[in-house]
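Have a look at these structures, which come just after this line.
In the two complexes that follow, subunit A is the common piece, with subunit B as its partner first and subunit C second.
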Partner chain A sequence: MPSVALLGRRGLIVALVLVLAFFILGPLVWLALWAFARSWQYPSLAPSGWTLSWWRTVLTTPGLDHSIALSFIFAPVVTAASVLICVPAAYGFARYSFPGRRALLVSLFATNAFPKIGLYITMAGMFYTLHLMSTFLGVVLVQLIGTVVFMTWIPAAAFAAVPRSLEEAARDVGAGRLRTFWHVTMPLALPGILVAVILSFLASFDESQGTFLVGTPRYITMPIQMYSLVLNYPQQAAAVFSILLSVPSVVLMFLVRRHVMGGRLAEGFQLK
Partner chain B sequence: MGRRRLTGLALVAPPVALVAFLVGFPIIVAIAYSLGQTGGLNAAQSSIALHEFSARNGLVTTAAYRSVLADHGFIVDLLSTLWVTLLSTILVLVISWSVGLYVRFSKSILAKALSALSVVPLFIPVVIASYALLAFWSGGGFVKSVASQLGFPRFPTIGYSLPGVVIGEVWVNVPFGVLMIVSGLQGVPDALIEAARDVGASLARATRSVLVPMNFLPTVIVATFTAIYVLGSFTVPYLTGPTAPALLGVDATNTFEAYSEPQQAEVIAIVLFVLAVGVGSLYVWANVKANRATELAR
Partner chain C sequence: MAGLVLAGVTKALGGRVVIDGVDLTVGEGEMVCLLGPSGCGKTTTLRLVAGFLYPDSGRVLIDSVDVTETPPEKRPTAMVFQNYALWPHMNVFSNVAFGLRLRKLSKEEVRSRCEEVLRMVNMWDLRDRRPAQISGGEQQRVALARALVLRPKLLLLDEPLSNLDAKLRVQVRDEIREIQQRVGITSVFVTHDQDEALSISDRVAIMAEGRVEQVGSPDDVYRLPRTTFVAGFVGIVNRFRGRISGEGVHLASGPGPVPFAEENSKRLASEVAGEWDIIVRPEDVIVEPGVRSPNGGSPVVLVREVRRGHFKECIFGFCGASLGREQGMDALRIRAFLPAGGDVGARASIKFRRVLLYREGLLAHEVGSSEAGRSEGAPVGRTGW
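Here is the complex of A and B:
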């Protein structure tokens, strides 16, 4: 009977949504509850008391304001450097054809294919020789690597999606190359570039392994501090810090969610 | 034409140079180090290295590789890494296609809820996610608490275990998979599906014969990117995985930091790299195949 089949299908979909909600949101809700728990004994499903005292504990942790400030200094610097280095290259990949174009585009992805620890071991040797260990520039360079794929591939797709006919029309009425780029190409590619900027910012903000190797003990960022908090403090403190560390991510992703979910993402990862 | 090519090359030079200097060059030096070249740039690491193998004839030695590959613990870790990667990739594909197909055919609130849900992990830093997943699935967590309340105190704990790592890796990689497949499926016009149904195909048949083949490339992209991510991953297995067997990313880090054997750590990293390159070549092959098909169709 059609109505039973329909009900069955509906039921299946609702089940899928519930399972996915449980799988994805469950751990986050659980951790959020811990941030406000006075004490919580296994196996009860709720804390035995609620409190904000752990927030006070975490917010007054020595060095926390330092690590927050550092994270918010490195991330914009790294993102700005990434924009300067990679966005013109993205335009080059999108609009120019030259020998080895696709090979170079793929090679940039090599940054993700080689396990980071393998790179860091050799990089440690290199950085010691170049006196880059425990330096601001050293940490910036390490975080920069993680942003290259975002800042070249996604803007390249954004530039490629701008119809050449529009650019040609502008050139036809006498606009120079730079003017055309600034007034025609850039505005249309801006949403894609913005997504790349946010993803790069978050990649730099959340980077821990490389920053730990190069930056400590002078530069301790929020993710590095998270590791020590997890090991040395009770679960409530780690839960509070988790929420603090997630706030920038949530805010930034919320701003660009429409563009990320807009459906153009697939094109950025296809080699054209 | 010549000037345009030069301009193009000049524009792409900065990131290429950066990657060459910070990634390409270290990879070459790492390979040399693993083959016994313990001097020069590797001298700093070499000075603190234990159980190191230097190339006596001055060129190469496979001693480090033989020592690592003969280690039983390493083989167990390698096999664990491979099955965790395979299972995570399969699960991500299943979830991505399930969500993708539903979103493709329905504009209901449930569809929107599915899309929104699937993207949530993108908002959360991996360190936090790993910690949250561990707290949820492990000894004192939600799953065990519910099981205990329902009368199953001996319910298996999924924290600090390889299945726990699979859960973590799937959680982290679902957004990219869903976004890619949804985007790919939206790219197939309704007209094509309607045409298939007009000649009598059921929805299932239209899906199998029209949607699936046309989304070969996005599927390969999701599979290869997920696999490469899981192969080299550190944070998720470090926080949610067992002490042994450990995934190779954690293994390499421990070998370097705890055991002070940078050469063996590089060997493990290179094994991972070879695996990743193998998977990556699938990605390149799929793109070449897709581009060729597009060109033939013109």
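Here is the complex of A and C:
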């Protein structure tokens, strides 16, 4: 027979799980309800009726298709640029010691230490002089800033976690530096890099402040479109848009779940 | 023809000289163990041979080709790592095949060569497993197969058995030796375990503080350790300070001299009479039971015995001598191997059959011989206790 203490502990765990579920799932459920609500006013507990009209409103917004397309162009481009710039840097941070290594690594946080909008306004000033305002490159650059930190830190940790003896074993059987990186280091660091890629993709996809400042009026991405929708339509439209905006994130998470959760990194070798 | 030559190799790491002028020659098809305590530079030496480190001075030659400046991927060496270092994202077969695939061999050739080595180490049936799905002993064998499949000129083994439990260690050790001899591959084996070194190798190189103290066959190293360090590191020793004369060995702070077992030892002993560092192997201590032995050995009393399987290590103290510690325990304790022990406090008398004399750490003389002693039939087999 379970003791009172055990029952108490179980009860506590159940309560915690419920609270957590409420905080995580609650807003999502609420969002889903709103997206199909005809109207929903205090004090009624449920919407007064159901409708798909908000979906029609949102999906027929002029320029929406264009914003969706834009977002799906910017996010991959920014992520790819971020990978090209940051992953080699991450490898450098993980495998070589050079003067100023720590200072550089920490200074990457500096971009996140200030209110973003202040940084963006300064950047906008620079971009005017460089004729980057309202250009594709300008938007890519401003979105890139937000991805640099985790695109460097997470892969650096992943590279550092690859035991050197695995790389040495590859050199030993005849692989040069490049092949060793490609066949051993890279695959083993891949889960960490994938996490950074997802975060970077989503950061770019959801970025609004900088894009708004640098890109408008030429480049209206989905989040910026959402701002105007939220301002011009009732809450239901915003709910529909939020759901649309979260679709790519969910799809991405499912795609890479196996790789990230696989825990391959910890398998197969014994640490000294 | 030498498989490997190290000539005056020196290496400093972090401002400390780790390898200090190492000279070593490994013959073709020979297996040489680098044996020494941790920090003696044995693993560093191996890494210099593999090419993961480059020497500050000196040359490394493999099959008479100077590879001192050659990167590891261009050296004809293959290494078995201490932690095996199998690639966790590849299965057993791919781990072994990786090196062959890099060499752009045909698919059929890769497969047949992998099959050959994997069958040799009994891992062919588990070829589709990931390293995480096989045991430590099996990982070990895959690591060996991965090294052998490239048919290297030189096989390097870096404490490959240290992560296995005691029983498996002996089994895998014998397997490695058997395969090494069958393939006839020149090998360097690093270990800190003297049993491992003595049982597996053709020759042993004992290292201390970045230098090679002695290179020789396991028998030679055990029988005639060139320095007191080697004597102490390989096997068990009785070590004393004392004086040698024709009468026997006068131990500092011991009672009368311990006589030699052999007549001709007395003549040689009188020629080298004087103060020495004295080392006597336990099997060279001849024990006669009883208070007074007919041939006049030195009287001792059994203090302690340690079971060692089929024989016992008996520790004796001298009768009448104070048990003071000022000279260290060894000054008054004698270890001997006997087939059967006795009661603590039992009396006996001892003689020395073979005595090694050192001065400033270096072997100067050997007085007596084990071979002659054995022909007299003493002491193993005589069970007076």
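A few notes on this one:
Just so we're on the same page, the second predicted complex is superposed on the first by the 251 of 272 C-alpha atoms of A that agree within 3 Å, B and C clash if a C-alpha of one lies under 4 Å from a C-alpha of the other, contacts with A are read in each partner's own complex, and residues count from 1 in each chain.
The rule is short, and it goes like this: contacts are C-beta pairs under 8 Å (C-beta built on N, C-alpha and C of every residue); 3 or more make two chains touch, one makes a residue touch a chain.
Here the structure is a predicted model, which is why all the values come from computation and not from measurement.
Which of subunit B and subunit C touches more residues of subunit A: that partner is B. Once the two complexes are overlaid on the shared chain, A:246 sits against subunit B while remaining clear of subunit C. Residue contacts after overlaying the shared chain place A:238 against subunit B, while subunit C stays out of touching range.
Looking at the shared chain after the overlay, A:7 reaches neither subunit B nor subunit C. Contacts of A:15 after superposition: neither subunit B nor subunit C is touched.
When the two complexes are overlaid on their common chain A, residue A:166 makes contact with subunit C while staying clear of subunit B.
Once chain A of one complex is fitted onto chain A of the other, the partner contacts of A:188 are limited to subunit C, with no touch recorded for subunit B. Legend: residue contacts after superposition of the two complexes on their common chain; A:130 is shown touching neither subunit B nor subunit C.
Shared contact residues on subunit A (touching subunit B in one structure, subunit C in the other): 264-265, 267, 269-272. Interface of subunit A with subunit B (complex): residues 13-14, 16-17, 20-21, 23-28, 30-31, 34, 42-45, 85-86, 88-89, 91-93, 95-99, 101, 104, 106-119, 121-126, 128-129, 141, 144-145, 148, 151-152, 202, 205-206, 208-209, 223, 226-227, 230, 235, 238-239, 242, 245-246, 249-250, 253-254, 257, 260-261, 263-267, 269-272. On the subunit B side of its complex with subunit A, the touching residues are 4-16, 18-19, 22-27, 29-30, 33, 41-45, 95, 98-99, 102, 110, 113-115, 117-129, 131-133, 135-137, 139-142, 144-146, 148-149, 153, 167, 171, 174, 179-180, 182-184, 186-187, 217-218, 221, 225, 228-229, 231-232, 234-235, 239, 248-249, 252-253, 256, 262, 265-266, 268-270, 272-273, 276-277, 280, 284, 287, 290-291.
Listing the residues of subunit A that touch subunit C in their complex gives 163, 165-166, 168-176, 179, 183-184, 187-188, 264-265, 267-272. By the touch criterion given at the top, residues 50-52, 71-74, 77-79, 81-89, 98-99, 102-103, 130-132, 136, 139, 146, 150, 163 of subunit C touch subunit A in their complex.
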